[in-house]
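Chain lettering (A, B, C and D) follows the sequence in which the chains are written, and residue indices restart at 1 in each chain.
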Amino acid sequence: MIGRFRVRTDLAMENGEKFEKDQVEIPGVEIKKRYNRAREVWTTLVKIETEQGARLMEKPMGTYVTMEAPNLAVPDEEYHREISQEIARCLKKMLPKDQDCSVLVVGLGNRDITADALGPMVVDNLRITRHIVNEYGVAAMGEDHVIRVSALVPGVMAQTGMETQEILQGVVEETNPDVLVVIDALAARSIRRLNCTIQLTDTGISPGSGVGNYRTGLNQETLKVPVIGIGVPTVVDAATIIHDAVAELLESLEESEMDEFLSELISPSMMSMYVTPKDIDETVKRLSFTISEGLNLAFSSTSQSK
Amino acid sequence: MIGRFRVRTDLAMENGEKFEKDQVEIPGVEIKKRYNRAREVWTTLVKIETEQGARLMEKPMGTYVTMEAPNLAVPDEEYHREISQEIARCLKKMLPKDQDCSVLVVGLGNRDITADALGPMVVDNLRITRHIVNEYGVAAMGEDHVIRVSALVPGVMAQTGMETQEILQGVVEETNPDVLVVIDALAARSIRRLNCTIQLTDTGISPGSGVGNYRTGLNQETLKVPVIGIGVPTVVDAATIIHDAVAELLESLEESEMDEFLSELISPSMMSMYVTPKDIDETVKRLSFTISEGLNLAFSSTSQSK
Amino acid sequence: MIGRFRVRTDLAMENGEKFEKDQVEIPGVEIKKRYNRAREVWTTLVKIETEQGARLMEKPMGTYVTMEAPNLAVPDEEYHREISQEIARCLKKMLPKDQDCSVLVVGLGNRDITADALGPMVVDNLRITRHIVNEYGVAAMGEDHVIRVSALVPGVMAQTGMETQEILQGVVEETNPDVLVVIDALAARSIRRLNCTIQLTDTGISPGSGVGNYRTGLNQETLKVPVIGIGVPTVVDAATIIHDAVAELLESLEESEMDEFLSELISPSMMSMYVTPKDIDETVKRLSFTISEGLNLAFSSTSQSK
Amino acid sequence: MIGRFRVRTDLAMENGEKFEKDQVEIPGVEIKKRYNRAREVWTTLVKIETEQGARLMEKPMGTYVTMEAPNLAVPDEEYHREISQEIARCLKKMLPKDQDCSVLVVGLGNRDITADALGPMVVDNLRITRHIVNEYGVAAMGEDHVIRVSALVPGVMAQTGMETQEILQGVVEETNPDVLVVIDALAARSIRRLNCTIQLTDTGISPGSGVGNYRTGLNQETLKVPVIGIGVPTVVDAATIIHDAVAELLESLEESEMDEFLSELISPSMMSMYVTPKDIDETVKRLSFTISEGLNLAFSSTSQSK
């Protein structure tokens, strides 16, 4: 948050980086990095364990796993199966241990806005099983244990006239899933992160995050079941890249001067603009496939062993 | 229902026609026709008033309004505004008299199957107001009275793993609409009716109807609020047109012979086939626009006067 | 052709079957069948070698390869790679032997009509190389020999106001490909063949064939370069299935009586109707992928050896 | 052009504005502005009449009409019919006087990239008449004179492997239109112009312009028929908005310093980024409709009188 121009990021890792520069340890926050050479993925685990840590990180207490895979931005015949496997590995750690649990996957965002369509498109590729198990029993799936998967694309408030939280509350009460997995397109702080970073968190979705901006959080507190959030940054606010370009230039300025200066520089029309790569349509399609495959792997009992 | 091969229709009017041929009056059923010359629309009002009538018509008790507008199948620059106005007129008679009521519009069907996408596409064009009125009050709309409109595209069971009824029950309990308006693509009995007939009914949606086939009814009994169903036939089952072609030929046969004969004629692979016009993609797009405009007109208070 | 109601098929194999029933050999026509057990594909090779054979088969002289793969109608994680390989094998036999030749792939049909969108969708998935080789040379592709692939989706006459032949003639003259590969959605005679049969022929596309019906042929005679046609039946005319249903019934009738009888049975409105499976949207998407992968394999020099 | 960072604009008017600031008259260039109060449209006419003028304006000699209609960015029930009428008026001035001429409309750009899909989408809504007049004569249209309209969506080089110019040359030679009207999405210099500015020019399309960047010009010289270009800016390069933000700040710097400074500021990854409004998908859909209606009006003989 810099003056009136809040530089917005939905990635916990990016908030951590502010401290990293100064090589300061953040009290109540544990950060671990590891590199998977075979899959070419950096995984950063951020655990915010105290209220103080939450304040410093500007994120709720909980676990945040961020996978960085530069390859993701590049097309691949196999739709990056190696990333899907890494997503499955991380997701399974957050899912209930019960091998017969039921999961409701929610694809947030607006299907008609390319950069915001990630959530709905992930749901399109999911293997849905709840209705089959409910009708024919676990045996029908040819397995001993089956995670029952249901899914919903609730739409955004401009399309529904309802808060996403209202819709989910109703559906959760009626169908009683053990856990929610909520997918959303995020705004990133850095162009470098676009479309090649995936964040999983057990804190759900925060108010004000996402390309479409939610007004109320989707989390255990509001929905009465655990909520796992999966987000991928697909846009950077136009104001953010100008801020960054100018920031270095103006390191000497006081913060209040900076604020004033930027408010002149960034016109109101800029506020509804965002920056995307030229191939965003194709990119979102590929990404949604990689993620849904990750979910399918995590939910299939054959991969349960690992 | 003819032997094993139930000839399926979702239009009450078509069930009425069976009796018409024989010029028999149907006890407990009132049928009225009128022609609007200016709008070139035939309107048939079917009122099923007794249990006996319901049995004879194979439809629940209630009111069914069917609009036949052959023009609908033909493209028109104004998207058939005259039909939208007729829909609005009929719909307003079924809506609660309260000018501040709230309506939840539900677009049934599968967005990814052209012939079944009518419901979702109608919702795409609706003017949604509930969230605005809830946030800023009726005054924000510049009107004295505002019907609050919300909308949902729940998806079909293969996509969600949930019964449509489960989803709607949850959302209805959470958001408390006064009435539901449920839009669905139907299967017709006659090719002549495809894409130019619109049925409105205060009995909701029956189990087994619709292109996608619902297992449980969506009506006041199951959802605890009045449910208005709006349906347009967009397909005819392939088996139906064969049945009809052959039926005349075989009028002399006993019903059991007929059944046996048809079971040889109609192969199992035929069962998942349906008949549509070549231009179904374009037709569904146009139809959805005409209907959503009808809804928009019905919900706007300026037209409330008429 | 039965009286006025021509029962239309674009598959040479289906015309051959009429004779098969009677176990008659067709003069000037050679028919060979083989079954690939591993790939579960039946391949029928029809060679029409004389004018008489062409008359009897109602198809131009040339080679017709039909692949029947019932599995194709069923979703598959690998998008039926085994069928793609079989397509590549058959196609390579028809392509020029020159390993540096250039191919123009043409996706016929109307992108906005699901059942007719196969051609355009195949082109969407192709690996296009002509512009890269022209700009940077063969070496840029890391190969000794490269088939230069270009592609065009010309649209249908209602969209362009031009005959497809006019457009292709101009583009062929300007860009000089060595061979054309033309993809089209076909009308089949039997529901059993829908979406699981692929026909390759060195005779191009005949007038009157395809879902959209072409008025002039696309072949070596009209376009001055060899034209390979690849077709998949995605629809059956509604009139055809009625004809078939009734035909057995009426075997005793004279042909002229049959004609009269059918003309009463099949209403004019039936003429623009066709029969498709419910999941046509998804099916066409899958099929287009399988075929484009077949083309990509056939055009890649690494697979040239086999 | 500022050092290595060419600030790109496809709008002649924007190049004119550089001079405007300094209130300098540009030799060989005539600029006229007028405001249509009823339609709320500013029209700027730029005539580049000499080679010197062309050099100063960095645009070929010819006529450029730019319509600015801030309303365009706002949804409107009538799809901005008043702008369509203004487009028709300007276009008719550039069309041949022959009321029986034939026009080939070309929709440039990539249908699969939202911001670049304007051209293809305009063509989707056109009334195509050439094939009808060729088949049934002018009388079939119920008019004395008919402009024969044909259309083509050639695709971009990555999709076709061919230069757009090659494809058009072939089709022009084969079908002999009297004039081409070429529609393209442009890159603008200023966010203020996005999606509310339309440029018509009799100089066709310049190399390097458009969202997709053409390598060869499409104009009378290359295609042997007059080429009218219609463009709408739908994106701004991300580098441009940073340049602009910083430029004022650095007015004191030498141009070479500026260049160096910017090359540090603007990372290579920025180069494939662009800035669009959040609602670009919906906006392009609306715009394409307004423009195609403008073309339909200009080509219909009933409006020929005015």
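Assume a contact is a pair of C-beta atoms (placed from the backbone, for glycine too) under 8 Å apart; a residue touches a chain by one contact, two chains touch by 3 or more.
Note that the structure is predicted; figures quoted are calculated from it, not measured.
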Steps in the shortest chain-to-chain touch route ending at subunit C and beginning at subunit A: 2
Touching subunit A and also subunit B, the following chains: none
CA centroid of subunit A to CA centroid of subunit D, Å: 38
Gap in Å, rounded to a whole number, between the CA centres of subunit D and subunit B: 44
Multi-partner residues of subunit D (each touching 2 or more other chains): 112
Pairs of chains satisfying the touch condition: A-B, A-D, B-C, C-D
Interfacial residue positions of subunit A with respect to subunit D in the complex: 112-115, 191-192, 211, 238, 241-242, 245-246, 248-249, 265-267, 269-270, 272-282
Subunit D contact footprint on subunit C (complex, rising order): 112, 123-124, 128-132, 148-155, 157-163, 166-167, 169-175
